[in-house]
Structure formats: structure tokens, C-alpha cells
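Structure below; questions to follow.
Chain lettering (A, B, C and D) follows the sequence in which the chains are written, and residue indices restart at 1 in each chain.
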Amino acid sequence: MKRLATMLVLCLTFLMVLGVVCLGGTTLRTTITATPETLDPATVIGENDWKVAVNLYDFLVYPSSEDASPEPSVASSWEVSDDSLTWTFHLNKGIKFHDGSELTAEDVKFSMDRMIAIGEGYAYFFTERVAETEVVDDYTVVFKLSEPFGPFLVTLYRLAILNKDLVLANLADGTYGDHGDYGRGYLLSHDAGSGPYTAVDFQIRNYVKLAKFSDYWQGISESAPDTVIATEVRDAATTKMMMGSGEIDLAHGRQEMTTLNALAAMDDIAVASIPEMSINFFMLNTKKPPTDDVHFRKAMAYATDYDAMLAIYPGSPRALGPVPPQLFGYAEDLTGYQYDLDLARQELALSPYADELDRYPIDVSYIQGNGDTAKLCLQFAANMAQIGIKVNLVEAPWVLFCNKEESLDTSPHVTNLFANASYPEAGAILELKYASWTVGGWNQNEWLQDSVFDSMLTEALTTADADARSQLYSQMQHYIVDDLCPSIYTFLSVLRPAYRSDVFRWPAGEGHPHPIAEFNFNYRFFEML
Amino acid sequence: MRHKRDNRSRPRWEKFKRQWHKFASNRLSLLGMGVVVLLIVLAIFAGKIAPYPDHAGLYLDFQNANQPPSWKHFAGTDGCGRDIFSRMLFGLRVSLEIGLLVLAISVPIGVLLGLVAGYRRNTWLDTAIMRFTDLFMAVPPLVLALVVVAMFTPGFFFAAIGIAVAWWPWYTRLTYSLVTSLSNEMYVRYTELTGAPLRHIILKEILPNAVSPIFTKMSLDMGMIIIIASSMSFVGLGVQPPAPSLGSMVSDGIKYLPEFWWISVFPALFIVLIVLGFNLLGDGLRDVFAIEEI
Amino acid sequence: MRDLEKTQDTLLTVHDLSVSYRVYEGILAVLQNVDFAVDGGQRVGLVGEAGCGKTTLLKTVARILAIPPAKIEEGKIRFKGRDLLDQSKVVHRLVRRDISMVLQDPTASLNPTLTIRSFMSDVLKATPQRRSRKERQQQMLKALEQVSMPSPERVLDSYPVQLSGGMRQRVCIAISLLKDADLILADEPTTSLDVTIEKQILELLNTLTVENRKSMVLVSHALGAVRTMTDRTYVMYAGNITEEGRTADIFRAPSHPYTVGLFEATPKLSGEGVSDGIAGELPSYLDPPAGCRFAPRCPERMPICDEQRPGAIRIDEDHTVYCWARANETKGDQ
Amino acid sequence: MQSMPVFILKRLLYGVLVLLMLSFVIFSFIRIIPGDPVRMSLGPTVSEEVVQKIRHELYFDRPLVVQYVHWLGGVILHGDFGQSLFTKRAVSADIAEFLPRTIELALFSAILILVFGILLGTISALFRDSWLDNSVRLLSYLGVVTPSYAFAIFFLLGFAYYWKVFPLGGMPTLPPEIRTTGMVAFDALIHGRFALLGNALVHLFLPAVSLSLGSIAYQARIHRSAMIDNIGKDYIAFAYVVGVPRRIVILKHLMKPSFIPSLTIFGLQVAALLGNAFLIEVMFRYPGFSQYSLRVIMAKDPYGIVAVTLVFGIVFAISNILIDLGIARLDPRVRLRTTE
């Protein structure tokens, strides 16, 4: 059997050589936690989907690598009416889609209409806000809003521009009237974009293969990788092996600490750190006893040993409130909560459940698979035990976890989760976390449903003036953190992709991570060595 | 009636002694029994025996995380610095509990249905029951169990339910075949002729003779069930942490291979030992009762 | 005069053979110092109630005794002047060529998964002479016709299950006659058959052996058949030869009390023992009586019977019996 | 013999019937359990109209029976198993993508089981109570009691991490142009892509072995005992005594009847294979059907789950029928009974 084995191995090595020869050019081999489900940018919100999408598609405006503020991209310039309801965008000429046809205002309108019609993914930014989209001429497009929407520009980071003709040429019958399936079937495995890379091979659950798009309208440097292969590798052992043997150049950033340490120990392997617009929450259910009592919640917030938790995620900055600091509208003057058992006990004493704690054990649910999260929750449970609160840990597979969040009675007292801002403004995460209309999802276990907060949020979002909006945001953060304390904010999430520094250079590696995590994986800015 | 029963019971006792003799004459069977007894003792007194009983539940000591096996920690420690040996002992307890629970659910149901179907042979009832069992034997047990658990919520209880759902049909089958063969035997015919009521025939004649095969199958199944249960924890649909379960200990360890091999290897070996014990015991019993491959 | 024959062409001699079985409960001493001989062209009957070791004897001779659990404690078996107990190739070939056997139970002796054809052709392929497929075909048909099998072609291509008991037995005989062995061991070829077929089969064996001058050992409960078909008869009880001699003499004047009882019980004889003929049942082989194994059931039992085993008593020039009672009688005569 | 087709047909029909009932049971399960899968898959930010629209597309707003019948129609008429809520694509497409690989894995292991199980069983039966026999028996005992994932761990540690003779897992992808069956090794073979074939085999090896070892052991045990109690049978003795050469007696007269019980067990082994494949595929990152099933099961993906159970049932039923045919082929008694 050993002989057979060695024979087979010979074949294998031979094949590897063969493979490299065949591919030619430079290849960047990277891993993702899961392949996208589809290449259709209108229907997805997942990190992995967008890591790919930013390479396939272009956007009217592109987030600056400094503060994520909008910079011209497909749109060379834009202006907004005084009532801030009419947005006019002037497009660059000669932008080529991957099939060679030119990107025009028609395509922009089509993409917006399609997104709203389908109504999935990030469509909720625009539905009921974008009243209509007008094509003035080939290079001018106008969005008419039904109400002012402050973050409108930055939400356009999520409007990927599709090749209208290509999509329409590939309609299958479906339920979108004369648009058939609106090209969803086609876009499952094809892109229809103008981005720096085009998808050449996509095997779901397996890998995506991108090829450089040579006549990309902004130009693309020679040194950028000619081919990018993103393989789905979830399990740490394999990642370590493949990194060690040089089978992959860039590992996804969601490794556990033990794995990262093992990786960092290898030579030529560096670990970049990319702060995400995302924070780790212990989400306290504000409708279920005992966590429905604010004093109880504050007690928990004081009883949490934040440093111990940061020790599990070394290098992650402490979070004081729900908003990551790099976001527009972050309240600098938040004080938050510190580990202080005396304060914790005082608060607990004020709560009606103080003397019957053992009658109220609390369920803490977290997602199976990541050992660090598990440690986090174990730590949390240990802390709660210190003030006499009994904790049952419930590890759930991702989807079962989501299931429970659907209704109030099935959702646990506490969940631990990272919540991610979908556009670089405080409003994004505040809405996601605490608005009444986002309950029933895994992002909000608080079930806050607080009318005061809702009205503040609506006001903020519909405020066009930046400073005024920022003001409102910071008020909201104080209201949430100081008065309601619906969540315990542990730390800011940081992506830690390990990569072979001898194979390529990239901004995130040079200490200039892009403020929006997915945009760090625009391979146009990579430099193969 | 009474003295008739006495007549029956004395030979039974003799029979038992003879069988025990035969069983004891096979070293492997004795070994199996020894292992099983030992395991049961370990499980019961896990709290006393385990060097670090508190490590079974919520316990964190990141300073001592991932320690290799040593005199302090026979099987090393896991990512949270918990003593793996202690957790194995409690995991054993959980495994046995699940095994017993599954059997406690599936055996009575299975046997009952089997008896009914067997005794109402060639009636609509028989057909209905046996077709119904086919339904549950149409997919691999693990698949069925996983589906059932996924429907509800993962955890000790539903894991057991899930496995039981996939398991009872085998007992129905077994009992059915036993009844059909036994009821052809003379003495049951005889009781039938004497007009003893159905209940009497089943309880007094069939059941006593069906006990040993069923019992044997149970001890053989124990191993299988423990494997399946651990497989379910392995994919996260079994017992939930911090409760230690051998299966999830193994799967947790996998991502730490190869550096921290002990995290998953020792629990895996322990599972092997458990199953080995029950199989040896079961095979011993099978030889004694001279039962075909169940 | 018989001694002359013996020296001339003794085909098979079994001398002082003891065979025992190792079993869970202990050691079963079945055959005990058995002496047994078959001459060329001679047909020998072997009678005795079920379980008295006849089959063991034949299987030992045919070398198909399962060892273990069986074990040959002592004794010699000579066939055509060769020692059958040695495992050399020569002997092996000799046995395969010249000894054939018909087993008790035809159903058990035919492989349920093979057609009669494939079985027979396996046998034929093994025989020394080379045959073409066609010749083999004819050979098989001939063999089947020999045993007067109706529609042999159909039988060839059928499986044992498709045949009746009688047909199976004939097939077995046909197969065992395929190789023309010099010695045929027929172990109760007619149990499990109804009387008419029994008659046919026995006659069949009779004619076949007579025609091509074969030697045969016939084990049978059908004493009538043994009487008509055989030249010599051995009577066995519990692993001992109790009486031997010319068939005619033995049936005319049975001497051993067991033989007497056996003959009286004739009609009842078969699987279920001899309760009507002789009181009691076979001794357990685990610890057989030290003396004469028949003693416990013997009507003429004497003290000595329980202590010593009786030696051979010649009551006639070719009629030997192993019995203390007879020994005393002969003394009395002198 | 002539009415064998009828027998097969009967078996098939019955199998289909059982599977239909099963799928219906699962369906009703999914409908009664709390939680709205559609809303679940889309998240809270998606507007109610959209969710309602998709519910309607997928017949979740109709009565159970209507939905079931519609689904069944799809399956029967154009092999459409409905749409997966989570991969957002036709379940049938997923099945076509993933099933072949698992089939290949299972076939590979099944062959290993049959060959080595029988081989070892025969050896230890023929050399009964020799050291060879004893060691085989000991090993097979350990094999039987060791769960497949334990094997997987040991092999990963040994062959993948330390000696590095085998890859850690995964499976090379099949270039679309040579995709015929979707079984990587097989397609590579029939298209003469030997480099790919070698690569595929090297990736199949560890999973297949860890998957089959337990079954091999069990198979060996069964075959051994089957042969041993046949050795004692009269027909073997008879075959010897009428002069059939030893070789033929063993290979034919002894083997053939011994196959009957061990083939029956083999049927059960195949079932075990399909079950264990779950963990093995997870551990070796083998992009197969079991891994996919696990995903949809956990996702409570309604059509996914039904399809998965159904597919397992079908594979299961087919393998059973094949086994039965094999037995009928071997054992005239069975064959005659069935054709009576």
C-alpha cells in the first residue's frame, strides 16, 4: 500500500507542475470561509460574496482608502438638489464591460431598478427611498428620492452596476413579469460587470477563479495577479498545511488565535490586521426576564471582564458602544462600562430579580465552529457566575442559531455575535442593531422596539446635513449605552489574514487597511513579487 | 397454575447457571463484561474519580491551554485549559446516558409493535406495522437522526429522540421474526389450543423466550448507538457544550491537528474502548444464547 | 478357506481403529478398537442402531472425517496395501481414485448452489482420462440413466431443490459412481426414502456393484436388504464390533444378545432407536462402560461384563462374536 | 427465472411507494415545525412583500398537500426537486453537482469492502485457528468497534501530517469539458486524463479507506463464519469423496454458498457507508453529497432536506435491490421462491 501511495504521490506532484505550467502568468491563491452562493451582487450581503463582487463590478462612487468617504469612480462628478431629493450623476465615458460593450446610464438605471425589484440583499437601502431613476443621456443618470436620505452616497457602495444587455440576453422564465427571472439564473455562475477581474470558473462550495480584465477602464498594473483562485477552506489544520507548503498565498482572516500563532511562526508569513466596521456584542434580550430589567443588564455589563476577553482576541481594540470608531458619526465621548464587580452588585441589588437569581438562569447562545467565540462565552459565563447569575451555554450551528432569533419566545436571553455596519456610517449599525424593523434577525437579539430610539433613528437617516446627522448619531449612542444598555460591547472586530509576504504586497499588509473590510480584497491593488 | 410455574422456573435457573458457565468459559466475553462494568463504575463515580471534576463544565484557564499529556493531565488539556481526561470521564457518562435513553425509548416501542404484528400475522395490522417500519429503514439511521434533530433543537434529549426514531424498527423486525418462529413451536400452539388469552400467550410464553435475543441485541447496539451519538455531537447536533461529549471533543480537536493531537486522539480512543467493551459482551451473550447474527 | 481369500486380495483392512471426538463437554470415545475388512468384489453389510459409529467408521476410511473435532487415537487402515492414515500425495490420489461414498442424507450431500451438471463435470474433469465437453455430457447422461433417472437432460440442468428426495439420492449414487472406484461406501443410502424407492435404490446398488465387480460396504437399517445383498455382515454397537461373519450365518443364528435384540426389533428400527426391541439406550460416549459397552442393556448380563471387555469368540469357522456369555458357553461345550 | 423481471419490478414499485411516503412525512414535518424558512433565508431586512412573493413561488403559502403534489409533479415530470433556499439554486442542480462524487467515494469503498472483506474472511477461515486467523480476527474486531472518523483522524495524523504521502483532503475539480458522469476519477479515466486520475485517486484513498475499514472488518468476520460452517457441511465432504480436487472444492463448492450470507451483510454495509460518509466528507473536505446534505439539514432547507432524504432512500433502495439480485443469482432456492 505504501508503494501505491508513493506512486500516487508522484502523479500528484507531476500534476501540480503541469497545473502551474498550464495556468501561466501570476496566480494569487487565496482562501475564503465559503464560496459565494451566487455572483449576483443584487441579492447578497455576505462578506465572501462582496470580497468577490468588488473585483467583478464597478460602482458610481468608491470608498476612499482613508476614511471611506465617497470618491469619483464610474461617476466622475455628481450634484444634489437643495431639497436633497434629486441626485444627478455624470458618468465617465468609455467604461467597458467584460464583454466589451460600454457602460452607460441605462445600465445604472437597470441595476437600481433590478435591485429594488428583487428586494433582497442590500435593496432595503433603496426601496421606498429611491422613487425613480431617470436616464438623462448616456452619461447622466438621476435618482429621485421620496425623502431625504443622509447616507445615500455611501450606500451606493452597494449598488454594483450590471451589464443590462448581457443580463437581458440571458433571461430565463421567472416571476418578474416581462423580465423573467431578471437574470438571476444566469448570474448564479456568471458575472455581468466591468470590474478589474472577471469570473472565469465558479464551482459553488469549492472555488472561484478570477482572471484579470486587461482593458479595465481605470487601467490595471502588470504586477497585479493575472489569476486569482479563491478556494473554500474552513478548517484550520488544512489552512496551516497549505500555507506551510505554499499551496496558498493568502488565508482568510477568520482564523482562531492558536491557528494564527502557528501561522505567524512560519517564515515568510506575515499577518495583516484589518479593522472591520464590526463589533462583538453580547446581545441582551430586553423583553425576556431577567434581562428585561435595565439594572440587571447594567449589572451584567459591569460584571464582564473585558480585559480577559481582549486576551482571547489580542490586538482587538476595546469597544465602548455599538459604533466602530472609524465610522462617520461615532461618539468620541462615550464612557461605556468597565469591569467592576462592586458596581455590578450595586446595580444587581436594584433589579427585582436580585434575590431570586437561581430562578432565572440565562441562556447564552453562540455560533458553533469558532473556538474563540466559545471561549468568549465561557469567560462570560464565568464572569456572570461571580455575581451569582447562572448561565447555560447553547452552542448552535449558524442556521439553527438564526432560527431561534426569528421569534421572541425562541430567542435566548443572550447571544454573542459580531454585527457589521453595511455602510460606513453610525446609522448603518444603529439601524441594524436596534431599529424595531430589524428584529427577528440574528443581528438583533435585543428586541429593543423602543419608539424613542426609532424616531431618533428615522430623523437621523433623513437628515441630509452631515454635521446635524453626526450630532443625532452621537445622541443616540448615548441614549442606547448610558440609558438602555441593551448590549455588552466587548471589542472591535479585526480581520487577520495571514499571507506570504514573499509572494505579494498589498495595502493592508503595508499598514494601510481599507476602512471597509471587503474592499481590501480588490486584487487590482495587489502587487505580485 | 402456580405450581406449574414453579416447575418452569427451576429449569430456568438451571439453564441460567449453565449459560453463565458457558459465558464465563470465553475469556473475551469476560473481558468485555469487565470493561463494561468498569466503564459503568467510571461513569457513576466520574465526579469522584476525575482529577479535575470542575473541568467538565464551565472552566477557563488559558494559561494551561493545550498542555501535552503529563502526570498532571493524563490526556493533556484542551483549548480552554480543561483536563481532557476528566472531560472524557464525564463524556463517558453522557454517552452511556444517551445510549440507555435511546434503548429505553426504542426497545419498548419496537418490541411491542413487533409482538403485535407477529401475533396478528397476515392481517392488515401486521402489514401496516411492518410497512411502517420499512419507512424508517429506508434511509441510513444517521441521516434520519440528523434530520429529526435539525427539525427540533440540538441537545441531549433530541439527539436521543432522533436516534431512537431511526432505531426502533430494528427491534420490531427482530421481535417479529422471533414471534413468528416461536409461535410455530409446539408449546405455544398448545397454549393456543388450551384457549389461553392472547395476552397470556405473549407475556408468559413468547416474551420470556424473546428476552435473551433482544437483550443481546441491546448490548450490541449500545456500541453502535454511542458511535452514532458521538457522530452527531461531532457535527454539532448532539450534546451541547459546556457539557462534555466525546464526539464534540474529537471534532473540536481536529482543527488543532497535528500540534495538539491529544485533544482529539484520546477521546477517539476512548470511544473505541467503550464500543469494544459492549461488542465483546454482546458477542459473548450471542454465543451463549446461540443466536444468529443480529 | 476364507483366510485364503483374505491373503489373496484383501482390499481394505481396518485394524484396531479407535476414533474419538473432542467436544465442549469432553472427549467422546466413539470407535473403540474396531477391526474390519473388505475383500475385492466383496459386499459387506454393517448394521447397528443409529449413532453406534457406523458413519464415523466409513468417513474415517474415506478420509472425510472432520479433524478436529475428531481424532484418530490409534489403529491402522490399509487399502490396496497402503496406509490410509498417512497424508502423502500418493495415498491421496489413491483414495480419490478408488474409494467412493454415498452419504446418508442426499439433500445435505448436494451443494444447493450448483447444478447437477456443474457438480458432475467437476468430478469428471478430476478423473485421469481426458474428455471433451461432448464426451463428458454423454458420460453424465449415461451415469444418470444408469440409476434409471427419468429425463436425465432436465435433471442435469436443475438444482438439488428442484429434485425429489429419491431423485437426489439417485443423483448422489450416480455421482459417486462417476469415477469407477473399487470400493463404494454406501452409508444408509435409503434412509429418508419411502419404501418403494428404497427398494429400487438398493437393487440398483446391488446390480451396479455386481455388474462391474465392485466392493461395497452397505450400512443400512433395512436388514432384509443387507441379508440379500451382502456376503459378510458386521454388527456394531456403541463403537464396538459385536459380531461378524457370513451374512447367511448371522441371520440364521444370531449369537450376540444385541444382534438378537436388533433382529427382533427389526420393523421398528430406524432413527428413533430401539426402545421396543432392547430396553435402555446407547451409553454416553463421555464415559462408556468399562467392560462390555452393551452390558447395561444386556439380558444375559454377568458381573464380568461390567469389568472386562469381551474378547473375540469364534463360534463358527467364519463367525466371530464378542461376548462373555458366549465365551462361557463355548467353555461349557468342551 | 423468466419472471425475474417481474420480481425486480415489484421491488422497485414497492421501493418507490416507501420513498413517496417517506418524503411526504418529511414534508409535513417541515411544515409543522415552527419558524418560517423563507424569512429565515432572507433575513429581517428584506421586505415582507418580497418574502411573500418567494413563499408563493415555492408554494409555502399553499396547503401542505398542494405543495407536496406540486413538488412531486416537478420531481417526476422533469427531475426538479424544487429550489434550495440557501444555495438559491435548483436542488437538482446541487444534487447533480455533489452526488456523483459521493457515489464514487462509496463505490470505491464498496469495492474495498468486498475485495478485502472476502479475502481476509477466506484466509482466516481456511487457516482456522492459526496465528494468521487469530491476528485477522483481532484486527477485524478492532476494526468493527472503531468509528470511521477515528480512523480518519489516525490516518490524517499518520499519512497526511507526518509521512505526508497523502493530501489532507479535498478533491481535484473536474474540468467541465470532460464531465460525463461527474465522478472525477471515472471521468478522468474514460477521457484518458491519467494525471488527473492519479490525483483523484490519491485524494480518494484516505477517505475511502477510513470509510471502509470498519465494514471490511465486519465483512471479513461474517465471511469467515459463513465459510467455517460450510466447511463442515456434507456436500463438501461428498465433493471430496467423489474426487473433486481441493482447489475446486474451495473456490467453487465452498465459496459460492458462503457468499450468500456475506452478500446479505454487504447490503447493510453499504447503508453504513452512506451514513458514515457524512463525517468522512467533513473531515477530508471532500466536496460530496453528504457534506451538502449536512448543510441543508442544518439549514432546515425544506426542499433540500426532502431531496436529500429521498436521494439517500433511492441510492439505498437501488443498492438493496442489486444485493437481492446478487443473492438470487447465487442461491437457486431464493430465485425459485421469488419466481414461484
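As a convention for this text, a contact is a pair of C-beta atoms (placed from the backbone, for glycine too) under 8 Å apart; a residue touches a chain by one contact, two chains touch by 3 or more.
Remember, it's a predicted structure, so these values are computed and weren't measured experimentally.
With centres computed from CA atoms alone, D is the chain lying nearest the middle of all the protein shown. More inter-chain C-beta contacts link the pair C-D than the other of C-D and A-B. Subunit C and subunit D have centres, each the mean of its CA atoms, that are 53 Å apart.
Measuring from the averaged C-alpha position of subunit A to that of subunit B gives a distance of 46 Å. Subunit A and subunit D have Cα centroids separated by 39 Å. Averaged C-alpha coordinates give centres for subunit B and subunit D that are 24 Å from one another.
Listed for subunit D are residues 156, 161, 298, 300, each touching two or more other chains. Those residues of subunit B in touch with two or more other chains are numbered 150, 236-237, 254, 257-258. Among all residues of subunit A, those that touch two or more other chains are 235, 237, 397, 400.
Taken together, the chains touch in the following pairs: A-B, A-D, B-D, C-D. Interface residues of subunit A facing subunit B in the complex, by the touch rule stated above, are 235-237, 256, 258-259, 262, 311-312, 368-369, 371, 374-375, 378-379, 381-382, 385, 391, 393-397, 400, 404. Contacts from subunit B toward subunit A in the complex involve residues 58-60, 62, 66, 79-80, 150, 153-154, 236-237, 240-242, 252, 254-260.
Subunit C contributes residues 59, 62-64, 66, 96-97, 99-101, 103, 105, 108-114, 118-119, 122-123, 125-127, 159, 161-162, 172, 175-176, 178-179 to its touches with subunit D in the complex. Residues of subunit D that touch subunit C in their complex: 231-245, 248, 252-253, 256-257, 260, 330-333, 336. Chain contact summary for the complex, subunit D toward subunit A: residues 34-36, 39-40, 42-47, 49-50, 53, 57, 86-89, 94, 97-98, 156, 159-161, 165-170, 172-173, 194-199, 201-202, 205, 285, 287, 291-292, 298-300.
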